[in-house]
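Worksheet: one structure, shown below.
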Amino acid sequence: MRKTVLASLAVSAAILLGAAAQAQAPAGPPMYGTPGINLEQAQKAIAAAAAEAKKNNWYMAIAISSNGGHLVAFSRMDGTQFASINIAIHKAKAAATFRRPTKAFADAVAAAPGNVALLTLDGIIASEGGIPITNAEGKIIGAIGCSGATGAQDGQACAAGVAALK
Amino acid sequence: MRKTVLASLAVSAAILLGAAAQAQAPAGPPMYGTPGINLEQAQKAIAAAAAEAKKNNWYMAIAISSNGGHLVAFSRMDGTQFASINIAIHKAKAAATFRRPTKAFADAVAAAPGNVALLTLDGIIASEGGIPITNAEGKIIGAIGCSGATGAQDGQACAAGVAALK
Amino acid sequence: MRKTVLASLAVSAAILLGAAAQAQAPAGPPMYGTPGINLEQAQKAIAAAAAEAKKNNWYMAIAISSNGGHLVAFSRMDGTQFASINIAIHKAKAAATFRRPTKAFADAVAAAPGNVALLTLDGIIASEGGIPITNAEGKIIGAIGCSGATGAQDGQACAAGVAALK
Amino acid sequence: MRKTVLASLAVSAAILLGAAAQAQAPAGPPMYGTPGINLEQAQKAIAAAAAEAKKNNWYMAIAISSNGGHLVAFSRMDGTQFASINIAIHKAKAAATFRRPTKAFADAVAAAPGNVALLTLDGIIASEGGIPITNAEGKIIGAIGCSGATGAQDGQACAAGVAALK
């Protein structure tokens, strides 16, 4: 029964996507025109960030997002607090969608009492440990987010992840 | 005061993004490495969809999203029901992130009683009127979503929007 | 204390809403007017705000909402950070539903530490760049929200959008 | 009626959980075990599921959660639709927190029209491709979720991931 459902869905999709799309993509689904960071790069960055964390005895969740904020890869080191899962993902997404390290927000809020107004900006996270990842041309292809230790330590692990892709 | 806050934020960001990024992007913020549909294309598609709707006396909300589901442009024709605002945006996002017309889901659910199980898939919308937009190579660069009339009519307006970019 | 906060906020709002609004509504806040902003007006305001942004090399998302906070039109200039999409929509909605520029909130929060209590008000956003749009009788017919540069720059682009409808 | 629905669901779950689980836990559902799945096991399961997907030209997002539903590891194969990110995570979480393959829900909903009532259960996802992961004693230590192809194909990739840990 389930098979029938899915088969019919696949057929509908094939018909709806039309002859043109089929001609250009005979096997598999249509691809996105704009791939960002790929999985191999993401895993390399995570491995480097995790190595930096391990060396320092830090327990961290490490997330890589595309430049649109979509999760590409994630690892939670054994022993990491559960809260850090969403925080790491949030930091990566914020670094990508605001195109700046999340430390910029932490610093701005700390600089003066009134700066807490920044906290109302949708999607913000005001803690170090989220850094955009750029390609050779300096364009943003994704971001890394780390959480589990102090903000500065999270940022240090993230920086190691970014450096691994240079 | 506010100026100081923002200036300090801008400075922090500049410092954090580092010398390399600055060298490659001396003016303005760093760009994303992967632009999808641009605003001019989005406005052209909306205009065509709106013309099709107007010709038929339909009142519609029309949304264009990037291939990652981010809103690029939106128009709510005067007289359109408020509920259609979010529905149009949802349809565009679903067409982009599921890489298929939302009609595929409406058809699958209608095909057999058990197919309602599909409704539990995150981000799904099972109504016609969301269509991916592809470039000359058949790759998805965005999507259009229309809402305000019947599903078939929403789909007809969307199709006019897609056709305008061929 | 609470009274002081709110009184100072009311004063800020009065100043920000300007002499014109005060002349037409010497007592109490500006009222909502009908009909609300239409799509043609919304597009005109967006075009003017975008022109102001382009002239200054700013990348912005620009949203127009009805006086009820419903999205009427939206444009994301090519190259604008993704985070600004939701922020621009939020600013327009807040300016409409609170009937004051969002700068009023940013200023109030910056004025004294205790004012952070304002951040718990549902729907608030304490950042410049959201302005109500009034008709010839000084009644609110919608609002504009801009995001992508500093708060002051977002506000400058918004003001250009508002001015285009005078 | 409600009783019938739930009884049939329990039967489906029992069948799906297989002979091994039944032998170790003849009465009642499988219990949670500690320690939970670790990162090394999670990465091994993801690698096996991804290899199965790659061999078949499927593009998938693959998530591993702890038995409490917390994300442990995640990989989005290059070219996978964005919608599958949240769906894969959701499937893993549902398989862990409901202690049964998500296929049980898809089957139950397909079995009779009235079973759509199941769709209101918090956290449910009625699509194949989420499977609990048990330790040598048959206790649940985590779960795997796959999304990107048909439900049956998602389930096949998940099964390969589970098998890699035996």
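By letter and in written order, the chains are A, B, C and D; residue numbering begins at 1 in each of them.
Operating definition for what follows: a contact is a pair of C-beta atoms (placed from the backbone, for glycine too) under 8 Å apart; a residue touches a chain by one contact, two chains touch by 3 or more.
Because the structure is predicted, anything quoted here is derived from the model rather than measured.
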Check: Going only between touching chains, how few steps reach chain D from chain C?
Finding: 2
Notebook entry, point to check: Which chains make contact with chain A and with chain D at once?
Noted result: B
Check: Copies chain A, chain B: same or different interface, half of numbers shared as the threshold?
Finding: same
Note to self: Counting only Cα atoms for the centres, state how far chain A is from chain C in Å.
What the structure shows: 31
Checklist line | Centroid distance [mean C-alpha coordinates] between chain B and chain A, Å | finding: 21
Margin query: From the mean C-alpha coordinate of chain B to that of chain C, what's the distance rounded to whole Å?
Written below: 24
Notebook entry, point to check: Where in chain C do residues touch two or more other chains at once?
Noted result: 81-82, 106, 110
Next item on the list: Work through the pairs of chains, note which ones touch, and then classify the graph as line, ring, star, complete or other.
Entry: other
Next item on the list: Can you identify all of the chain pairs that touch?
Entry: A-B, A-C, A-D, B-C, B-D
Notebook entry, point to check: Quick one: in the complex, what on chain C touches chain B?
Noted result: 38-39, 43, 57, 59, 68, 70-79, 81-82, 85, 103, 106-107, 110, 128, 150-152
Notebook entry, point to check: Tell me, which parts of chain B touch chain D in their complex?
Noted result: 68-69, 94, 96-99, 112-124
Check: For chain C, which residues are in contact with chain A within the complex?
Finding: 81-83, 86-87, 90, 105-106, 109-111, 113, 116, 119, 124-127
Checklist line | chain A contact footprint on chain B (complex, rising order) | finding: 1-2, 4-5, 8-9, 12-13, 16-17, 20-21, 23-25, 29-36, 66-70, 99-101, 103-105, 107-108, 111-112, 114-115, 117-118, 131-132, 134-135, 137-141
Checklist line | Interfacial residue positions of chain A with respect to chain D in the complex | finding: 1-3, 5-7, 9-10, 27-29, 31-32, 35, 38-39, 43, 68, 70-78, 82, 85
